[in-house]
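This report concerns only the one structure given below.
Order as written gives the chain letters A, B, C, D, E and F; numbering starts at 1 within each chain.
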Amino acid sequence: MAETGLYIGRFQPFHLGHLEVVKYILGRVGRILIAIGSAQYSHTLENPFTAGERLTMIERALGEAGISPGKYLVVPIPDMNVHKLWVAQVVSQTPEFHVVYSNEPLTVTLFMEAGFKVEAIPFFSREEYSATEIRKRMINRQEWSTLVPRSVAEYIREIKGDTRLRNLSGSDKLPKL
Amino acid sequence: MAETGLYIGRFQPFHLGHLEVVKYILGRVGRILIAIGSAQYSHTLENPFTAGERLTMIERALGEAGISPGKYLVVPIPDMNVHKLWVAQVVSQTPEFHVVYSNEPLTVTLFMEAGFKVEAIPFFSREEYSATEIRKRMINRQEWSTLVPRSVAEYIREIKGDTRLRNLSGSDKLPKL
Amino acid sequence: MAETGLYIGRFQPFHLGHLEVVKYILGRVGRILIAIGSAQYSHTLENPFTAGERLTMIERALGEAGISPGKYLVVPIPDMNVHKLWVAQVVSQTPEFHVVYSNEPLTVTLFMEAGFKVEAIPFFSREEYSATEIRKRMINRQEWSTLVPRSVAEYIREIKGDTRLRNLSGSDKLPKL
Amino acid sequence: MAETGLYIGRFQPFHLGHLEVVKYILGRVGRILIAIGSAQYSHTLENPFTAGERLTMIERALGEAGISPGKYLVVPIPDMNVHKLWVAQVVSQTPEFHVVYSNEPLTVTLFMEAGFKVEAIPFFSREEYSATEIRKRMINRQEWSTLVPRSVAEYIREIKGDTRLRNLSGSDKLPKL
Amino acid sequence: MAETGLYIGRFQPFHLGHLEVVKYILGRVGRILIAIGSAQYSHTLENPFTAGERLTMIERALGEAGISPGKYLVVPIPDMNVHKLWVAQVVSQTPEFHVVYSNEPLTVTLFMEAGFKVEAIPFFSREEYSATEIRKRMINRQEWSTLVPRSVAEYIREIKGDTRLRNLSGSDKLPKL
Amino acid sequence: MAETGLYIGRFQPFHLGHLEVVKYILGRVGRILIAIGSAQYSHTLENPFTAGERLTMIERALGEAGISPGKYLVVPIPDMNVHKLWVAQVVSQTPEFHVVYSNEPLTVTLFMEAGFKVEAIPFFSREEYSATEIRKRMINRQEWSTLVPRSVAEYIREIKGDTRLRNLSGSDKLPKL
């Protein structure tokens, strides 16, 4: 059986930079396991979308990109603030994988200490392919949809995701008691 | 049976602005359900008082204001950092309610997505009717008692609440090892 | 200020025996604090009703019995399986109380070890005033409504509580995969 | 877009009866969402396999049965002992679904109370297509592999899953201190 | 540096059989790491004593037996019901160890799957050196103190531990509402 | 039996200032109980080391300083964000103690409210005996080892603790998706 690569992200939202990474990894392993981190969180400025919504984005984006469902698997993984248990948590919730692709220092540190093979992801994404930038544009009513796959933009509008984020960001404009 | 309105706050402490809101809501519905949010927290600079202490403040303040015990119900509600479950949490811990009064963006967003009727609270409170301002004054030994109902001021002094907050704020003054 | 007595129960459901206890305690102290234990649980055979539903039962039953809202306070208290922390949990979620009324061995042991005054409840309730018996009758479609206050029986029918319990008990009758 | 059906189970392990249900549901809706319940548990007599191992079983079994990866999605869902929050938990972790297939009383009750369309699953599985029976046979070293898809039997042997279960069951045979 | 052996137990209470095991392990390794399992529990019939009380029992018993404090280390370890994370939990809370001594099937299974060296403990303890037996005798007011080290018997009497257990066991003797 | 003093810290890492405090306390009481706070955390910039690693540092440092194992006991204590339960948590996980040594405002406030005797620690440590300073130096590849006991410096190098911290701090240097 070909190798499986693990790719962990929060995907808030899934954007064109993430899609590039998925293609990059699929050029190196037979199958990609996409783990949706911080799966329990939603409705915050950092994590506006639920794991289910992010899962839907990924499925639609990969479908749009012509990547076959047999090439990838998506699994939500709740965060643990007890970091030393997190690798065991990921392993227990996923099928076998052989290499971890990540540039995130904590992920790299924990998987390396646990003896996994970890590889860096080259940085070919343009500056604006950043979920933080996209969320900022949504809040400021700036153009954001060109930074995500077309199907993801449609889905976010369908669930009024940009409006949700704008509402959540209203914290400082209303009288707080 | 007349309508019940839900009013959620942290009430750290319960002040004259909160009392105005209670009266405003009782002018619109037959009964008010006061939910003490972040119920599990206490002894921090943001949340100095326990849920039980806040419950006592509310009972005394409403008694002082001549509001009959049959017109309101107070229920402590622990926070959940898994936001998408929080409306279900509130519903499971409270009697039936028909309308939610809130200006807090997260509360408004979550209850609206869950299909509840949500109404904004007009901003008739003076600038200083803010719990943040009151806690700041307690820490700085400035006059704070004019911003809360008299019975609340007495109770806070009785439990030495202002001293507790001042002690908690001492973090930066002592040698940390 | 008169003494407050704490009475902790699960009230699944609140029945005529519980009402007798409330009256007994109100004959001894100025005010009763009714704590709904296991507040987070519902939809099990042991705990069919939510804390909010149980709170509603208590309010209606005490109203029916002519007990003034100013004489009692009801507070939901989540269970902790870390027993040694439970008294601190109860104390932090409630206004001050002076005596604990209980026959439940764990409650008696924990509050006595914490230095509280604990008093036993005399056993004047008839055999069938038992929540276990009432739940059993609901499941078996036997007469149960004579064992609870009339307003509680009406409320349980209103929310189809007996049907819920019967559905939940269906576990062994359906094919399990 | 065609309808999606939700099918929740523990799949300890995934057996031929489960496979029949998957086929039955796929005869009625366009896509099946298979939720692995009690996802956090493993290494007990009731829940010997991790969510990741169960996910692997399902993928292999459905592959063996010729069901295309585009027709199904598997998502691990941790249990919540706070039942009233569980539907919100499932919804937050999954893409949209339109009908819930279940015979399990708690699942049926909770999803019906939340307003979902729930349909029963006909009982065409033979008596022995029961995960309990299979686990019992594994412990007693009886033939169990005919009750699961061939690929699942192979996988369980590969990870020594039957040995694990036998080891776990040894509790009463060893001196306990 | 000499090898360290890990010995995990609940020690409810620590008895002469446990002491024999400690001596046995110290005959094989340079140092013993005694992990108090289920550390968060107390005040139940199965787990009457707090972790702190059990720690005190172990220190006194080993002192009485003339085992030097430098030869052992005691660490409380809370249970996790997510078994697959438990080995990582133990490792994160303890200094390095080289071999695990256990007859408990779950412990043996989990540490072996994680790649640790696990050794069985020979069964030289008499039948009655069982914590279950000791707790039963405490409840029934039978002689139990001959089954534990003298210093442990004294400590349990000092904290009225046998009375606590007898009180906790009273569940079925009192009217339950 | 002589008095026991409780000393609570995070010890990230244990440094020469901590050692001075241990000696100071041992000059006043017969025995010191060293509680490792925030025991569940590790692999963050604030809490890089596990409780087990910190326990090892303390044992080695006290051994190097010639303090006999019989004079001290080290116990890991997980944090609780529900502060009002924390004293009960500490008490349940430790042997009896008679006085708490602390300058940390939250610790002082909580133990004083619970009725414990609390004493301040004089500030004889030099400015740089600060765990924050040491972690900063590790990250910046500056000299840090003179601020900790020699045995602690050796141990941190042995487990590559300074490299771990440097890796964890890399967050802002890598492309984040």
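Just so it is clear, a contact is a pair of C-beta atoms (placed from the backbone, for glycine too) under 8 Å apart; a residue touches a chain by one contact, two chains touch by 3 or more.
Because the structure is a prediction, the values reported are computed rather than measured.
Common partners of chain B and chain F, by the touch rule above, are A, C.
The copies chain D and chain E differ by a rotation of 120 degrees on their C-alpha atoms, rounded to the nearest 5.
Where the sister copies chain A and chain E meet, the same residue numbers recur on both sides for over half of the interface positions. Measuring from the averaged C-alpha position of chain A to that of chain B gives a distance of 36 Å. Between chain B and chain D the centroid-to-centroid distance comes to 44 Å (mean Cα coordinates, whole Å). Those residues of chain D in touch with two or more other chains are numbered 40, 42, 50, 82, 84, 91-92. Arrangement of the chains shown, judged by which pairs touch: an irregular graph that fits none of the line, ring, star or complete shapes. Chains touching one another, given as pairs, are A-B, A-D, A-E, A-F, B-C, B-D, B-F, C-D, C-E, C-F, D-E, E-F. Of all residues in chain D, only 9, 17-18, 21, 81-84, 103-106, 108-110, 113, 121, 123, 125, 129-132 touch chain C in the complex they form. For chain C in complex with chain D, the touching residues are 40-44, 50, 164, 167-171, 174-177. Chain F contributes residues 82, 84-85, 87-89, 91-92 to its touches with chain C in the complex.
Those residues of chain C that touch chain B in the complex are listed here as 39-40, 42, 50-52, 55-56, 59, 68-70, 73-76, 78, 91-96.
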